[in-house]
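So that we are looking at the same thing, I have put the structure below in structure tokens.
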Amino acid sequence: MSETTPKIALRSQNLKKHFGAIKAVDDVNFTLEEGTLHSIIGPNGAGKTTFFNCLTGKFPITEGKIFFEGKEIQNIPTYKLVRLGVCRSFQILNIFKKLTVVENVRIAIQARHPQRFNPFTKIDRKTSEEAEQILERIGLESFKNSVSQELSHGDQRLLEIGITIATAPKVLLLDEPAAGLSKQELQKLIPVINELRKTMSIVLIEHDIDMVLSLSDIISVMSFGKIIAEGCPEEIQNNEKVRKAYLGD
Amino acid sequence: MLLKIDSINSYYGKSHILYDVSIKVDRGESVALLGRNGAGKTTTMNSIIGLVTPKSGSIQFDGKELVGLKPDQIVRQGISLVPDTRRIFPNLTVLENLKISERKSADSNWTISDIWELFPELLRLKASRGRELSGGEQQMLAVARSLVGNHKMLLLDEPFEGLAPIIVKRIAKTLIEIQKTGISLIIVEQNFRMALEIATRCYVMNLGRIAFDGPSSAITENPELQKKLLAV
Amino acid sequence: MIVLSQVINGLILGTIYILMALGLSLIRGTMGILNFAHGVLFTLGAYFTVKVAMLTNFWVGIIIGPIFVGLVGMFIQRFFMRRLQGKHELFGLLLTFGMAYIIEDIIKIIWGVGGQPFNIPPSLSGFVNLGFLIYPTYRLFILGVTTFLLLALYIFLNKTKAGLIIKAGSRDLTMVSLLGIPVQKVFTLVFGLGTMLAGIAGALAAPMWGVQPTMGNKILIPCFVVICLGGMGSLIGAVVGGLIIGVAVSLAILIQPFFSDLIIYVIMATVLLVRPRGLFGEVGEAFE
Amino acid sequence: MYKNRKWLSLVVIALLVLMMGNSAWAQFTAPQKVIGVVEPRSGVYAEIGEYGIKGVQLALDQYNAKGGVLGSELVLVAEDTQSVVNVGAQKARKLITERGAVMLVGEVSSAVAAAMGAVAAEFNVIYMAAGANSNNITNEDAKRVMFRTDLSNWQSNNAMANYLLKNYGKRWYFLTSDYTWGHTAYNVAAKILKENGGTQLANDLVPFGTSDYSAYLLKIRQAKPDVLYMSIGGTDLINFFKQFAGFGLKGTMQVSGAIMNDSDAWTLGPGVMTGVWPKVWAYNVDTPASKAFTQAFIAKYGVYPENESWQDYISTVAYIEAVKRAGTWNYEQVIKQLEDYKFDGLKSRPVYFRARDHQLIQEVYIVKARDGAWPNKQDWGEIVAVYPGPDVPLDSIESTMAENPMVLQNKYPLSIDKK
Amino acid sequence: MNLGTSITKKNAAFRVGAVIIGIFAFIMLPTLFKSIGSTMFLATEIFIFAIFALGFNLLLGFTGIISFGHAAWFGLSSYAAALFQRHVTPDSTLIPLLFGILFTTLIGALVGKLIIKTRGIYFAYVTIAFSQLVLFIIIRWTKLTNGENGLGGIERKPLFKFIDIVPEFNYYIFVVIVFILVFILLNIIIKSPFGRVLQAIRENRTRAIFIGYNVRSYELTSYILSVFFTSVAGVLDLFLLKYAFPESMATTMSGEVIIMTLVGGMHNLTGPVLGAIIITFLKDFISSFTDRWMIFLGGIFVLFVMVFPEGIMGFFGKWGGNNPFKSLLPKRDKESES
């Protein structure tokens, strides 16, 4: 962190999301600086995924504002947000199961294509080539023509991320990308994330505490819808409040 | 011998998942089933409970053959599965979730009021709907739901997955208590440390085969073995 | 005065819709099948009732008739619907559509293509003086029977274990079977119950409407409207939806008959455009 | 999979067998003259349709017994129109082009009859519309090849309204089905009421397909009319009467209207059925020819004939007699023989097809529903009057030139006239 | 490499062969029909229903949206064309035909815009509501539409001076040509990037939103295209029948088109066509033999559910290598880029 004020990629201001009486997200001020990997941890039900859903426009928010590159975005529909450059992956696997691997990625790339809405064109070569490049980046090029539901769990996770990055996001929101992965599969995932952080800002929700500690620039801890602590990995590890609410030592 | 799995082979569609898997569990014993993702642990659970029918081999529970029975028939023999996604009925209240699975049997004597003692936080949430519970609360309810069925054996599929460490400890403690009342447990876990704290014996699976079986201590005390079998 | 009595008429018309809609909703909620044979089961209810009543008397007919329909429903579920598990919802439509054709023709083969005379029994004909209003006894009888049935159904669904199973099964069937409950048997019973409700509606309507092989064809679509308006899978929704539709139709007849069959679709379209899940519908569309 | 293949081959074989059987049969029938019967055999009018087919079969049997017509044996081929327009059109076409039908007869629904009339006109095949009583058959949808045996809306309502005015009070309450047929029926009856100084208490328009009549019944109950005049048909009428009885209104007023199909009366049954109604024919019409027909019908089928039986029978007979007079099957010659030719229609006065619109000009019977049990179901009412009276011209109850300006000879000149 | 090209050549030869056989079959079909006692009218109607089913299936099979009210558009387009011919251009067939399609597509687009936000089974129900609305407006507006009786007196005139569609056979060929055009057009659409997105929406709607697609406008476009093809079928039916009738927009008709699609198989283009052929033919065929045709037709539906759960095309698809239809199937998953 240099002296010049860092550019802010994504910011929430007094964000609230209530489901009836339940305050799932309660007055959250969250700032993602450009080029950082910012993790959010917290016990189950703390409101992390709901927070993601608010950021990406899946739920209408109760109160507050969200800024992306200085612009207010809380009222912009999801698909437009994606085109602006805010994209997310999902906790539960969310790929096009019956399409092939390459089609999964290609459809995501095509969303940026000016001719996408024309029902009378053919699929152009450039899109297909770009799709293969992305498959190389996530290491799935050898499976490109397999139907994606036949992939292993870990590879499906990677494909999920591949689809997400195919939309060329500036801010990437990853929701538990390591859930259900074996240690081996994790070894495949971490380099991919490390590669991605070079080109985009990332928000990461994750339970695997070792992974979070090793990857993150900044960590926020959520509990009962509020951010109770924020800081670099060492600070968080030593924070008394965090240990009590989450790590449980 | 309560459960005796004798070299079963199971398939998902055409893909062969389990190869000659054999597992034995004694009455009142708790056993851990470890292994990497895709090793075949969940398929083994599903084969026992009847969601997958093994193509060959036999599964004997309390002297009765289970292969070929439907899940509900198997459950009525006295085995209950706590699935990894918990599968709490979201539209029923906590109390209703318990009532629906309440069953009397000679094997044990858990009642709903016992549950309130075991998990006081559930009593507080008695009238809340399943969908309103947090992950930890759902896991407690899932375990409680199996308990009031008064089964001889519980199969726990990844009971600690996605839970905050503090909740994991709480659940583990309860499982040990449950085992003390004479109910047999099979715990499927990737988080092997926690599972081995509960279980006295363990099986490690790899690529659909049993790669190791022995007392829990054999693994906890042997980092080499951990690395080899569990790729830690 | 005429407006008031017309509102009451609407409520009574609504009760027939409610009975039909509840059966449809129950079946869809638990088994995910849109039962297109529901209309013809209504007809079957009327025929069974008429035939049993001819041999015995009205009261026996109105009780035994619907039970027969329930048995037919259970037969269909047991031997045909079980094959549908895990398939696209529309195959249920294909199956029940086919069943509707078959049952209608079986009715014609057994009882002929013509109508069956059947009247209100003497004990229920005539009027009751309510003080502010004089009203036909048979219609009040329908109102009473339906109210009783609704209460019974409410208690069954909310206070009995069978009811809990039905509600739970509407969300997660595999888990219900993992509790040791034989799901398919539950399905058979639910389908029997749902079809029996259609049978009851048919039995109650038999003295008011012409008993003909095609009598149920026109009632199915308004019942879809009722469950959609009230919200899929909601017992209260079906009741409120049925009453709204009944009253709206009745009042439209009074004010401008031209609109009486348009109005239910206008109401439904408006409600769904404002509230896409219907009045009482919840996410997930299951039965509660 | 093998099981499935077996199934498939079974289905294919079954279809092939059916096809072969069918074409063989078609060849077998080729040298004979085919009379095509288009009647609904499924749907609400199925019961009437069956009676109609019986009527045609009886006529053909009688002619075949006498050695056929112009040397040909007559064969009946019936198709189910399902009372649906496109199905009816397809069946009519099939009968004409594939079965070689020389004439079509039948159909209850006026819409379907009109569509089939258009098909018949395309192929120049005579179509006897027996059972369709909407005015469009002889008005805007009239065709040179189409003849209507059933009562027109003018005939039935003229007769009915006159009878009611003569015998019952002048305060009338109208209940009218809200579509073309209902409106025409109402117009005819209301005009007569007005001309005779009667009072119209109300005219409630009822949407087609209404199942609940309580609103109307409550209004009618309050209005206490002398006559309730209903232009409602089919299932709607059945539902109305069951509820009318349920409201205890039976017997409190004179009920009447434009139509009461026998099958509707049967569905209502003796307890509920009431009122006076127009009828085109009933088996107890007291003429020797009528009695002979009834006896022959009972002898063949064991049931009494229904009026659709009479319509289909008399249509077939009229056509065949015209063929015999013409000495040819040529449709132009036959049309000429049918137009304005008076023949015995099993009624007390001879009937004829009016040349300009091809309506059968005939008497209308007024039938009063029996109070007690019915001797048999075809005899649910007794004939209380015949319109028009003996000294009045037969076409006085049919439309005037002003009411129906159709002149087929102008609109569809025959091709021989053109030359 | 060599092997690859020879297979491609063989495939191409097979395709040309298939096309020739296909054209021959189209011409022979009416003759075949006649030999089994049916009519060219029915053969024509079969292809009209095939167009209807194809249009409907763009929505059901390729976008995953169920409509229970598509018959409204089928019937509305015939009424629109009929009224236009009656009141505006009594001497033309082409202009009413185009007007019917245009008018219906426009109304369909407006209704689509209004209802597309409802989801799943609710969408299906709203389509019932709107189809019933259209139906009842047509039935009640008796002055204009002649109500229950339907509109007769429609005439089929030559399209242009040199295209005479008046004789039955010419009209049959005209319908077949339109059918082939529709088939080719739909094939292009489902293989275009747009079509791929529709299928992606069918597979996973949420995901499609989260990669930046305005899913609703895709669904709406699919709906409008589907209405367009349906209205093409509707006007063709009008000029076949020369009669516009209310039953053409009833829910039974909507149900029939769903059944055609299901019976044939809904995840490809050939399925709905086969379904239309089978159902339309069987209905006519069986009802000529017996009054109780419903029990047979119903029995066939039930049998289908039991024996061919994925429709006929799904069933043939399973036969793999020996599948005679395989080269005609759109290759959804394997085509990709080559």
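By letter and in written order, the chains are A, B, C, D and E; residue numbering begins at 1 in each of them.
Going forward, a residue touches a chain if its C-beta (ideal position, glycine included) is under 8 Å from a C-beta of that chain, and two chains touch if they have at least 3 such contacts.
This is a predicted model, so every value here is computed, not measured.
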Request  = Kindly list the shared contact partners of subunit A and subunit B, in label order.
outcome  = none
Task = Look at all chain centres (mean of CA atoms) and spot the one farthest from the centre of subunit E.
result = B
Request  = Considering only mean CA positions as chain centres, point out the chain farthest from subunit A.
outcome  = D
Key: Whole-Å gap separating subunit C and subunit E, where each centre is the average of the chain's CA atoms   = 33
Note = Chain centres from averaged Cα atoms put subunit C and subunit D apart, in whole Å, by 36
Query = Rounded to the nearest whole Å, what is the centre-to-centre distance of subunit B and subunit C, using the mean of the C-alpha atoms as each centre?
reply = 43
Query = From the C-alpha centre of subunit A to that of subunit C, how far is it in Å?
reply = 48
Per-residue multi-chain contacts in subunit D, two or more chains = 41-42, 46, 178, 207
Remark   = Residue ranges of subunit C touching at least 2 other chains are 108, 258, 261
Request  = Mind listing each pair of touching chains for me?
outcome  = A-B, A-E, B-C, C-D, C-E, D-E
Inquiry  = Which stretch or stretches of subunit E touch subunit A in the complex?
reply    = 188-189, 191-197, 199-200, 203-204, 206-215, 217-218, 221, 225, 333-334, 336-337
Message = For the complex, give me every residue of subunit C touching subunit B.
response = 161, 164-165, 167-168, 170-172, 174-183, 282, 284, 286, 288
Inquiry  = If we count contacts the way the header does, which residues on subunit E are in touch with subunit D in the complex?
reply    = 34-42, 45, 139-140, 142, 146-150, 152-153, 237, 241-243, 245, 247-248, 284-285, 287-289, 291-294, 303, 307-308, 315, 318
Ask   = Which of the residues in subunit B come into contact with subunit A in the complex?
value = 36-38, 132, 134-137, 161-169, 190, 230-232
Parts of subunit A lying in touch with subunit E, wherever the complex brings them together = 56, 77-80, 82-83, 87-88, 90, 94-100, 102-103, 106-108, 110-113, 115-123, 125, 127-128, 145, 147, 163-164, 166-167
